[in-house]
Amino acid sequence: AACGGGETAEETNTGNGEATEEEATLEGSVVIDGSGTVYPFMARMAENYMGENEEVSVEVSRAGTSAGFEKFLVAENGTDFNDASRHIKDEETAKAEELGIEVKEFQVALDGLTFVINKENDWATEMTQEEVVKIFLAEGGVTKWSDINPEWPAEEIKPMGPNENHGTNEFMFETIMEEKDFVDSVNLQQEYSTLVDLVSKDKNAIAFFGYGYYDSNKDKLSAVNVDFGNGPVAPSLDTIGLDDEAGYKPFTRPVFTYLNVDMAKEKPQVLDYAIYTMENAQDVAAETGFAPLKDEVIQESISFLEGLK
Amino acid sequence: MIEKKRSTTNLTSVTEKFMPKFLLAIATISILTTIGIVVTLLTETINFFRDVSFLDFYTGTILKPLGDDAVFGVLPLLLGTLYSTVIAMIVAIPVGLMAAVFLSEYASDKVRRVLKPILEILAGIPTIVYGFFAYTFVTPLLRSFIPALEPTNILSPGIVMGIMIIPMVASLSEDAMSSVPNTMREGALALGSTKLEVTWKVVIPAAISGIIASFVLGISRAIGETMIVAIASGSNKDFTFDLTQSMQTMTAYIVEVTGGEAPAGSTIYYSLYAVAMTLFVFTLIMNLVAQYISRKYREEY
Amino acid sequence: MAVLSDSEKKNVTTIERSEKSVDKKSVVYDTKDLNLWYGGDHALKNINLSIHQNEVTAIIGPSGCGKSTFIKTLNRMVELIPVVRISGDIRYREKSILDKSYKVEDLRTRVGMVFQKPNPFPKSIYDNIAYGPRIHGIKDKRILDEIVERSLRGAAIWSEVKDRLKENAYGLSGGQQQRLCIARCLAIEPDVILMDEPTSALDPISTLKVEELIQDLKKDYSIIIVTHNMQQAARISDKTAFFLNGEVVEFDATDKIFSNPVDKRTEDYITGRFG
Amino acid sequence: MAVLSDSEKKNVTTIERSEKSVDKKSVVYDTKDLNLWYGGDHALKNINLSIHQNEVTAIIGPSGCGKSTFIKTLNRMVELIPVVRISGDIRYREKSILDKSYKVEDLRTRVGMVFQKPNPFPKSIYDNIAYGPRIHGIKDKRILDEIVERSLRGAAIWSEVKDRLKENAYGLSGGQQQRLCIARCLAIEPDVILMDEPTSALDPISTLKVEELIQDLKKDYSIIIVTHNMQQAARISDKTAFFLNGEVVEFDATDKIFSNPVDKRTEDYITGRFG
Amino acid sequence: MKYVDVEQVQKKMGSRLFANNLANVVFLLATLFGLVVLLTLIYRVYSDSIGWIDFQFITNKLSTDAERAGIMGAIMGTLWLMVVVAPVTMFLGVGTAIYLEEYAKNGKLKSIIQTNISNLAGVPSVVFGILGLTVFVRSFGLGNIVLAGGLTMSLLVLPIVVVASQEAIRAVPQYLREASYGMGATKWQTIKNIVLPAAIPGVLTGLILSLSRAIGETAPLVVIGIPALLIPLPDGIFDKFTILPMQIYYWTVDSALVAEYANLAAATIVILLIVLFLMNSIAIIIRNKFQNRF
């Protein structure tokens, strides 16, 4: 592969001279698992970090938010960070307390739950919030496109999304569907790549996942513009970031990474990486399809982390 | 010289006594491996059957390993495995057998010397490469004929698996046919048979157990094949009979669950072992059957 | 007797004629300047032989002299060896069998062959015999049954196997297997039977039985037999050809060859001075 | 010459003594009622033989009579075949070698063996010769060099190979290979050399060379040689044992055996009436 | 009564010969089918990789950015894996073969070991992965490092080396052993100095074939858990690692997300196939060179 000129660009926008000197002495590993939604963000972050810290190995996996928490909240050999596309649940917090693990939540970016359809699907490009949710509900009574709009094709809809390992699944189920059951025909997958592939090849497919995966696959997928009551809103970095009626509001969500604070105290490279992540969160978020956080959120996180030193 | 000899005698005789025991210890590693496999699988499988009843597992048509209402029925996986195996063998048996007949009965020495190594190359290609081939080439190709075919489906990996198994069936069947004595061929030719008749009525019946053994080994290989299905057959766990659909095999399930890194101790983690145990037993039976059949045929002449 | 096709009518007349004058029996095989090479090895040299109907012709000679090669040339089995080259002509029933248009399968249906080592198929006794008729298109069970019985009777083995026709032929003794192979050959109702040392793998008693059988078969078939055993040639054959280094040294009535050979080398050979 | 250990000093004296009175040469091997079975096969029957120092003893007899078996029993090589059972006694230098406490490796170091087919190791000529000394613990390059040269000279092959000691032994001709094997055997400075048809795979000229060598070696070693070739036995041996069906029919001075055998069977055999 | 009517036979001959000739062609085509697939596969992979294989691709580290991604990590991982697999399988495989061929009596134990080895050869690789995961990664607490993967792979390919070594040892002529014993060598001296050196080409061939199997295996490592994105190069057998087939796997799976990953996968396949081709060529050269030495 041709060597990208991007390398130099990235070097210039990271850290100051002082930080680099400090990092030069760091070594060891940082282990991150969790959200598949956050994965592209975290992978890019890790890659950038390792470009500057040759001796540190940052390992990023994407088992899904819930599966990730199971590996984060263990007595021994747990992960250092768990990325999450939802808030930590009460039972997970309880487990952390039981194990004596101090967990700290850092918001890293904003995401919008995006409903994607096949490029050939030229009818369902706009739906109301109610319509799009109905497709996924067991009691929604929708099996064919024509059940939503009689003018649409009388073909079976193929709803799909991430499986229960994923925070996105739970966000959909708990927040959007208000804990009503999924329709039986829903096809739940482990890998986001599978969903992208399936929708890109199936005219009747509709899937939900984080905006980032739509953003990087715009050539293969179309997004549904959702009408939340004020006219259809196209998901985009702008609309996700907006906090008003023109925004993508009910479908937006913060995404996080959870830090094992004990590990950060024990392993300097973990703490260093955490700080690095917060310092660069805005830039990397924009590159990987997330709406960046506000400065004050970032500052708050950094000062907490600096306090751990 | 002989004095020196004596000084080494002690060491030599110690080595002499020690070596056989040491080598025996090494040789038992292979047995330990088998024991390791069986014990590992069995222990966790027993744990699994504490959570899920044996009957439910082997008669259940619903497999939903995640979420609060997890259900473990292995039939969808068995069906997926059965489908991929049957499709593979539908490709591998006729093509492999015909290739074997060609190489053993029709081809001249020169032709055989060119074609056999090509089959061997085919057998040496890593399965991941076949997986890539199935997913990025065969599936799109098939979809242009069968529009209903899902992007991941059981048909395409089944076919590619069959192609992968062709060399195995061909070479083992050819071995069996080549060991049929020439006098039998001559006897049949002298009665006015054509080559096809000699092959069909004399050589194949005489070599039948070796040929069947090659089929059984092929089946065993198809049951155990992992990467092709893991890449190209998707992870649909529905109990469906439609081969244009995605279906998961036992092997692909194992890859999916370990790839998602199910935490130790959960039911889904144990289910990994129960499925692997089932897979292990199936392939073991197939291998033993193949060994039995081919041992029987070796005794024939 | 046999229902003959038109093309064979001519032969029938010949046969009848020949029965009158024993000396002028009709010619079955006629080789003209037959030469054969295995690669560069000249294995048959200018063979000119006429083989007559309803006779037993014995081919004798020391090991490697080309006996098997010659007999395998008569039904073109020798062509199975890729390096073989042939020149000259072989006429079977007046047609050149080396002709491209002559189908080997056809030839081999009319010229049966029995090999040195009994080579039954790994099938039942019945299926061994029925093999030939079946490939030639006979499917009728009754007809097959009859062919099987007749062939086994013809090979003097019927009484020994009639109760075990469905058993595998490999259960038979060596001598029985050889007679089974002869029966298998009879089942295609050949005109000529080629035999390459058919008794060399057999014990004396089985040999005797096969020899008797050959004497018996002579009535209906023409037989060409290769043998190492000179006593055997003397016992059963009408004519004998003595081969040496790929050449026919002498070919004459068996009595003549064994009592009064013309060639010194023949004499040396039959008196055991070499070979 | 060889640096002998204490345990061998005794032998040295024996050797010296024997040189004085040729008739009463010291006994090297003595077998008492030696019997050997391959499973149920009785291959050696009540063998009683005494073999003397600095003599060539030939073992003759028809194929399968047990010659190889006997000679392989003398260095216990026969034990490599799992089904072998032995009874009776073999005394080598007055010690019973069938005794459990007798180490075969020791025995085989003192009793060298040359086989029918030349069997050099797939190593260089040098390494072939040095193999024995090395396994017995000699590592010093200078000593090894000396042993190699002396052994090759002893086997009359030094001049032919001295410039190619580092080449693979398989590059030698058959006769050279056999002499190499003899040299290899000399390198362990044996007391006795066993030879099982050492020339049967060689051409006449090589055979002659090996025979001359054997005559020469007799000065320093005791030699037991199995041969199919009666002329060879007559030419090179002092004593000859005639084996038949696992028994010793006659054992005497070679002259006597060949000119005036006692047993009818010996006579029949050496005059070529069977075997 | 004549049943085999010469005319009938001749009449049928045409169709029988036609069937035979047809069969000849069909069987040839069936044999060539493999060739066609092979060529298609190679062409497909090659054309997908055009423009993607260059020096940078080989020497760069892994990256999520397709333009910058390289396979140095996978290459290093593969090499380190070999550092574990080669000696371990050699040691276990040759040891087992020597025991079976030279020491074991033709008894029950020998037949148990022998049967066991042929059964192990038929155990699906994914099951070995589970063994490795449970024993090496978890019970021994090694984690998903080169050593754990290497040990797993060693057990997987062990039967190949054992069988090849057995054949090689069996091919050493008995007369060489006899010659050695005849010089007073002990059994082990004979094995060490004569049998093994003579068998070594066969053993090496088996070893190379087993290594090429190990290089191409994916399933056991997927089960053991190789991270999808591992950028640092492994420095030893205690480091985490990835190997070429794993990289192909992840890139193939993710090719739906980033189309260029398919090209990267194809390029990696080309490299992998070249490596395998070279290894097999070496094995064949060794085999041919030393085939009929005795």
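As written, the chain order gives the labels A, B, C, D and E, with residue 1 at the start of each chain.
The rule is short, and it goes like this: a contact is a pair of C-beta atoms (placed from the backbone, for glycine too) under 8 Å apart; a residue touches a chain by one contact, two chains touch by 3 or more.
Remember, predicted model here, so these are calculated numbers, not experimental data.
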Checklist entry - Which neighbours do chain C and chain E have in common? => result B
Checklist entry - From chain A, what is the lowest number of touch steps before chain C is reached? => result 2
Checklist entry - If you count the contact pairs for each chain pair, which pair has the most? => result B-E
Next on the checklist: If I average the CA coordinates per chain, which chain comes out farthest from chain E?
Outcome noted: C
Next on the checklist: Farthest chain from chain B, going by mean C-alpha coordinates, please.
Outcome noted: D
Item to check | Centre-of-Cα separation between chain D and chain B, whole angstrom | outcome: 56
Checklist outcome for this item: Here the gap between chain A and chain D, centre to centre from mean Cα coordinates and rounded to Å, is 86
Next on the checklist: Can you work out the whole-Å distance between the CA centroids of chain B and chain C?
Outcome noted: 50
Checklist outcome for this item: Residues of chain D that touch at least two other chains are 105, 109, 136
Item to check | Numbers and ranges of chain B residues touching at least 2 other chains | outcome: 12, 192, 194, 197, 259, 261
Checklist entry - Where in chain A do residues touch two or more other chains at once? => result 61, 194, 197, 200
Checklist outcome for this item: chain C partner, complex, touching residues on chain E are 1-10, 12-13, 16-17
Next on the checklist: Which stretch or stretches of chain C touch chain E in the complex?
Outcome noted: 1-8, 103, 105-106, 109-110, 132-133, 135-138, 143, 146-147, 187-189
Checklist entry - Can you name the residues of chain E that touch chain D in the complex? => result 105, 173, 175-186, 189, 193-194, 197-198, 293-294
Item to check | chain B residues within the chain E interface of the complex | outcome: 12-13, 15-16, 19-20, 22-24, 26-31, 33-34, 36-37, 40-41, 44, 94-95, 98-99, 101-103, 106-107, 115, 118-119, 121-122, 124-133, 135-137, 163, 166-167, 170, 192, 194-197, 199, 217, 220-221, 223-227, 230-231, 251, 254-255, 258-259, 261, 264, 272-273, 276, 279-280, 283-284, 286-288, 291
Checklist outcome for this item: The answer for chain C against chain B in the complex is residues 75, 77, 80, 82, 105-110, 112-113, 115, 117, 119-123, 131-132, 134-136, 181, 184-185, 188
